[in-house]
Structures are given as C-alpha cells and as structure tokens.
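The two complexes that follow have chain A in common; it is paired with chain B in the first and with chain C in the second.
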Partner chain A sequence: MSRQISDLSGKIDQRRFWMATLAKAAPADLEQAWSDLGLQPAFTRLRPAETGLVMVRGRISGSGQPFNLGEMTMTRAAVRIENGPTGFGHVAGRNARHAELAALFDALLQDPERHAALMAGVIRPLATRAADEKTRKASEVAATKVDFFTLVRGED
Partner chain B sequence: MRPTQAIEAGFIDPVDDANAVFRQVLDALAHPGRIVEIARPTRVPRGSLGRAAIGVAMALADFETPVWLDEAAAPAASHLRFHCNCPIVSKPDQATFLLAAEPASVPALATLPLGSDTYPDQGATLVIEVQALDPDGSLSLEGPGIDGRARLGVAGLPAGFWEARRALAALFPRGIDLLLTRGDLLVAVPRTSTVRGS
Partner chain C sequence: MYVAVKGGEKAIDAAHALLARERRGDPAVPALDLTQIAQQLGRAVDRVMTEGSIYDPELAALAIKQAMGDLVEAIFLLRAYRTTLPRLAASQPVETDRGLVRRRISAVFKDVPGGQVLGSTFDYTHRLLDFALAAGTPLPDPVATSEPIGAAPRVADMLGRDGLIEPPPPGDAVPGDLTRQPIDFPADRALRLQNLARGDEGWLLALGYSTQRGYARNHPFAGEIRIVDVAVEIVPEELGFPVEIGEITVSECDMVNQFGGSATAAPAFTRGYGLVFGQSERKAMAMALVDRALRARELGEPIAAPAQDEEFVLSHSDNVEASGFVQHLKLPHHVDFQSELDLLRRLRAEHDQRKTAAE
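Up next is the complex of A and B:
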C-alpha cells in the first residue's frame, strides 16, 4: 500500500475491514494462521469471551423504516497485549476461541511494526478466500435462477 | 495516552463475582455502620478508587445508571464505561452513582438527586473513598438495622459533611445513600440512619 492513510475515517475503514475479515473467517483458518505466526504474546483478557444476543435491524430497500429483523447469537471478547494495544473481537455464533483469536489479531494489527506483515500474511489471504467462496456460492445459486415472466393482461 | 489503556480486567467470574459484591453491599446497607470487606474485583484502574469502590460500581452500575466521577477518580472512567456500559456524566445532579476518590470534592449534598416522595429510589448513591474507617470512632449511628447504637469512625470527610447530611433528614423518604470505602473495606450509611457526632 503506497498511499499513506492518515485521516481517521480511512483508519476506521481499514480496521473495520480487518475486523470483518477476522469475524467472518473460518475458525479453523484463524487457528492455523495463529499457530503459523508462532507468536506467544503475553496478554490480559479484559473481557473473557462471552456469548449473548444482539438485535439485527434492517430497512426495506435500505431506505424504509427500520425494523427489528430478529436476534442473533454472538460472542465477543477483548484482550490487551502486554504493554500494547487493546483488541476486540465480535463474531457470530458461540465460538469463544474464534472471538478471542479475532481480538488477538485485532490487537496485533494495531501495532505499527507488525501491521504490514499481518495484513499481507493473514488478512489478505483470508479476504481473498472469503471472496472466492462468495463467488462460488453465487455461481452455484445462479445456476438455479428462475425468471418469472408476467403477461400483461391488458386491463385498460 | 490511548484512552483504552486505563481499562483493566474486570471480575474473574463476571456473574458470580458481581452477585457476591451485590450481596455484600446489601448486607452492608442492612447493617449500617458495619464494616465489610469487598475483595472480589481483581484489578483496579489507575486513580485513587479502591477495590471496594470499583467493585460496587461494577456490580451495580449499568447502561441505565449515569455515573459521576470526581477529578481524582476520572482515570477509572474508561474502565467503568467498558465493563458497566454506564454513561459518565459531568454534572453531579444527573448521576445515579457518584464516586469520589477525594472526599473534599464531593458536591454539596443538597444539590444531588434526592428522588421524589413518590420515587425515593431515584435518590443518588454516593460512594466516597475516605482516609480511614474505624469500627470504634466518634460517630454514633441509630436506626433500622442497628441493634441499639453503632459506633463508626470516618477520617477524611470535609468539615460540615455530617451536618449537611443531617439537614437532609427532614426530607425523608427523599435523600441519598452513602457508601464509604477505604481500599477493600466498605461501610454503608443509608438515609434511614441517624448519625450523631462528627
């Protein structure tokens, strides 16, 4: 990345991107990436992983009145690397280890010395993998697409 | 300084520890003047609040209870916001819980939320970190929960504090509940207690 992102909104977007990637990654992939890193940072569990419900809200067509779609289970965790930044992990489901790993990666990614290597070595591959999986599913679903044609009935 | 750095780990077992502290505070309020030891929260953020005061906040405060902190207790703000989800307010008259690490900074008692005759429960709870608590001091407490008379010594409260509290007695059931802490120790002086001496 040649462009220096200095403004706050850019930083927020960036962090949002890696947190989303970590949250949506398969727990097994994260576990693998974690052991491949070979890091054993000392850390404090500020908030041990805990599971709860969050209300998912939606808007019809993205612009209508907001409505409550329903509750979903999620797990969150917060850790602090010894003498370092605090990381947060919020994942869907009840996998406590997934939330903790996401929080650990989030903390490490905020460390300027480790950021670039982790983005290239962990986050980009995970994001690519997620995008590939999405494309594969989309093409699978596209094959079963049915187009409905409505005949004009000539009501006037 | 990164604002998140003041956050420390909270209760080891959030449910059991919060329940235990709640129970201890309940016991203290049921026996005004009795000094209880609250030792559940493991870490305390920087600032001058002790484990008992932080424990009370962590067990009782939530998103519906605005918390006011005096200047000396201000470093605990992000810790409490993180663990309790409580709003931190700068105006004492908007707070449900007031935590003062420096007794001299306690706002005038009559300006705090005292509740109403219909809803006396809306009166504020004032937590003050004092210099010393003594089970055999110059104060004499009487009222519900006390068999006869209880003695208590509190060091560090500003002059005129107990007079100001006595002045609120006429407003009963409106009033404020006092929790005095010193490190791990806590003593409750609810609004039902009559305090003599100073």
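Up next is the complex of A and C:
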C-alpha cells in the first residue's frame, strides 16, 4: 500500500515537473520542439483553448491567512491523441497555441513508449535552459549584496 | 441628475479620430510597440497591473499605449477588459519566501540570512537627470555577478522564534472576494488587503504618510522588503493536484510596528503587510502602513485618524470608481442645472421683495 502511494506521488511529482516546464517554456521553443518531433498525430480537442482569469492569492505577512491579491490571465486546453491519455495545458497568459502545445506534450509524455525520449529530448533541455537563466539572474542580483557598517556615534 | 442626451455623434467621432491622431504623434517618428513599453516602462506596467488587478504585462502595455500614458485611464481599460473574461480558478497562496529573489532588504537587522541585496533600485541614485540617457549612450559593460545568495528566510521569523513579534493570523479559510460581493463594514483583514492591493497608489501613499506624521502613529520599521519571482499554482479539478502555470514578480513589505499586548498576552511587535504585483515597492510599503493603521479596532487602539477609519479608507481607495464619479460631472447636467437656475432666480426675486418691503 505505502509502496503504491509513493509510486503514485512519484508519478504525480514527475508530471507536475513536466507540466511546469511546459508552462514556463517560451512558446517559440515549444513550437520548435513540436515540429522537430515530426509526429503530426491526429488529436481531438476535448477542450479548445480558452483564456480566462486566475485569482492569485497571497498570505497575510507571507505565511498567514490567505487573501485575494489580484487576477492574472491564463489559457487552458485539453486534448486526446488517438485513444491515448488526456493531455492538459494550463499556461499563464493568453497564448492559445502555447496551451495546446503544452497539452499535446502532456498527452505524449504519459505514453510509456514515448516518455523517456521526450523527457530527455524536450523537457530536460527546456528545464536546463530555464534553470541557467534563473542562475544568471540570481548571480546578477547577488552582486548587489551590501554590507552596511554601523557607525558608532560619540565616544562611548 | 444626469439625463441622457441625443446627438453629437459626428462631433464624438471626430474627437476620437483626433485622439487617435494625437496619440500617434508625428508619423515620421517610429511608433511604440508593446514590447518596448513592457520592457522599458516596466514600473508603469507594474502599476497598471497592480491597480488594474490583472497580471499580464502585454495587456498592461497595450492599455498604457491606448491611454497615452495616462495610468489611471490605463487601469480603467484593464478593469473593463477583465469583465470580458471568465474566472477559471483561484491559485494556491503564493510562497514569497521561495523563488528568485530580485531584491531583499531589511531595515531592522544588519545581518540577515541570505544577506541584503539591493537588486535594481532607484535608491542611492542621485536623482540627477541623466542626459547620457537622452543622448542614447550605449549600456555599460555587462553587470557584475556573484555566487547566488541561496535561501533567504523571512526576517520576521528571526523575531518570531523568541515570541518578540506577533505571529501571522493562522488558518486556511477561503478569503472573501470583493469582485464577487461588495465589501461590507466592518471588513475582515483579508478583504481589506484585497482592497488595498488594487487601491490607488497615491491614496495609500498619502494615508501611509499621514500615519508617520502623527495621524495614527504606530512607529513602523521596514522589517523586510522583498521583490521575488513566485510560482503560481492552481489545482485543476480534472487533475486534483497542484500545477504551476507560470511565475509572476511580486513586491512584499513586512512592516514591524511598536508593541501591542494585553493582560494575557506579553508585549510583542505588531505588523502591517503589503503585497503587490511587479516591482512596486513604494506601493507595498504604503499598503503595509495602512494595513497596520486599519488594525486599530482589532488591537484595541482609539480610532482617531483618517487612516484608521476603514470605511473612509476602503470606500475611496479605488481610482476607477473615484475617477468615474469625479469625471461624471463633465456629462451634460443641463436639466439639473436649469432647475438650480430657476430656484436661484426665485430666491433672488424673494430677496429683492423683502428688501423693498423693509425700505
């Protein structure tokens, strides 16, 4: 039982990782990766791409009770490739093609026969690029770290 | 009373055509594109997203362009656009102690884990007009880099460990939403914060300033100011687990204020909180000051100053409502005014009669 649960949570964590990577990727990069696959599979749009709002919540003092901060745009889509699993895309912004590509990749990534190749060929390179960019920004910010000196006022 | 009028269509069309032409300016000068606005007028975009209450830099850039840089008008455009979109989800609360820290400073401790990082800031600039910028001088060499700071835990947690500061209000209750239900008074803190987050920066800045000048003094220190890229996660019904849809930049201010306490609770620092979209640190600080002032009732303080009066503060914070009500005065009030004029003439005639009779 506990083995099953940990397998399941491991699978969910993995799927969350690729879904997050797809959502944060530049749409042009996803388009490129999609055409590089050369698959052009037939698919059904279970939910055509739809743009709407997500209410973003914060917490009082950062870690207390939730409150509504304001909304952001999001586009979502759901697809099924042939008779395979359903793929979902939920991406910030208003780019319908981005949401659909995320959903298509999500569907393909759930296919055990394609999973490993897609992780190695698409998801990991996208994730590495995003991580490198984040490290670059963090390094620039780190250079602005200051040491304030306390000046002693008076003799004692 | 505003009475609908007919006619004027031709004049209105001409006025809008003139507006479009003036907005464009000299056609020989290249037009601004949205990427230029989003990247080079980032603080304007941040303000429009915060008070327009939609995080979408491209939409905010369009609103700024359309409004010719009139930010309150741009905020109005974003709010109007909002009504055309369905609400698809509410996010998990964002975790501001995680993610890429763009700036993080504390005015209460010199040494904090992760350190104090200035990030990109107007602070410590000399506020001298930079004519090199006007001349289009190329950028300086690539900026310096250093080993990333790593984890940057909340500064207030350092005080919290010893019980020196009040803990954040606990709980996971679904917060009220003033976009769904008009605000009722007294309003709870979550609703007040939603109102303040989308409230006019100038209004909050002035009210926050008033508390510092003695109208509800509460001795604030900037415990921590943090600008951070946070992940936004939703839990889609079909999936049942959290999915990240992207990252947004937020500015947060945790203001530490002088002590509260009671017969049962030992004295501890109290707090005010500010959180806004983008890099809008002045707004976050003002919001935190006003949040703290509005806690007067909860903390048993006398309500004597404007910043402590929640109905006054919250009912006048929205610049879309405020500008709508102020500007509706421009609309034809001909009938209304005619009746005022008739009344005034009658009063003056009566006054003259009384004066003549007395003589």
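Criterion: the second predicted complex is superposed on the first by the 134 of 156 C-alpha atoms of A that agree within 3 Å, B and C clash if a C-alpha of one lies under 4 Å from a C-alpha of the other, contacts with A are read in each partner's own complex, and residues count from 1 in each chain.
Operating definition for what follows: contacts are C-beta pairs under 8 Å (C-beta built on N, C-alpha and C of every residue); 3 or more make two chains touch, one makes a residue touch a chain.
Keep in mind it's a predicted model, so treat the numbers as computed, not measured.
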Inquiry  = Looking at the superposed three-chain arrangement on chain A, would you call chain B and chain C a clash or a fit?
reply    = fit
Request  = Could you look at A:97 and tell me whether it touches chain B, chain C, both or neither (first, second, both, neither)?
outcome  = neither
Task = Using the touch definition from the top, say if A:45 reaches chain B (first), chain C (second), both or neither.
result = first
Inquiry  = If we overlay the two complexes on their shared chain A, which of chain B and chain C does A:115 touch? Say first, second, both or neither.
reply    = neither
Inquiry  = Quick check for you: in the superposed arrangement, does A:80 touch first (chain B), second (chain C), both or neither?
reply    = first
Task = Have a look at where A:62 lands relative to chain B and chain C in the superposition and call it first, second, both or neither.
result = second
Remark   = In this superposition, the partner of chain A with more touched residues, chain B or chain C, is C
Inquiry  = By the touch definition at the top of the document, which applies to A:129: first (chain B), second (chain C), both, or neither?
reply    = neither
Key: Lowest inter-chain C-alpha distance for chain C and chain B in the superposed arrangement, angstrom   = 7
Footprint overlap on chain A, comparing chain B with chain C = 50, 78, 86
Ask   = Where on chain A is chain B touching in the complex?
value = 44-48, 50, 78, 80, 85-86
Key: Partner chain A, residues of chain C touching it in the complex   = 49-50, 53-56, 58-59, 82, 85-94, 96-97, 100-103, 110, 115-120, 143-149, 154, 156, 167-179, 189-191, 193-194, 197-198, 231-232, 234, 236, 238-239, 241-248, 250, 252, 254, 271, 273, 275-277
Key: Contact footprint of chain C on chain A as seen in their complex   = 12, 16, 19-20, 23-24, 50-74, 76, 78, 86, 88, 90-94, 134-146, 148, 150
Ask   = Okay, in this complex, where on chain B does chain A touch?
value = 2, 4-5, 7-10, 14, 82-83
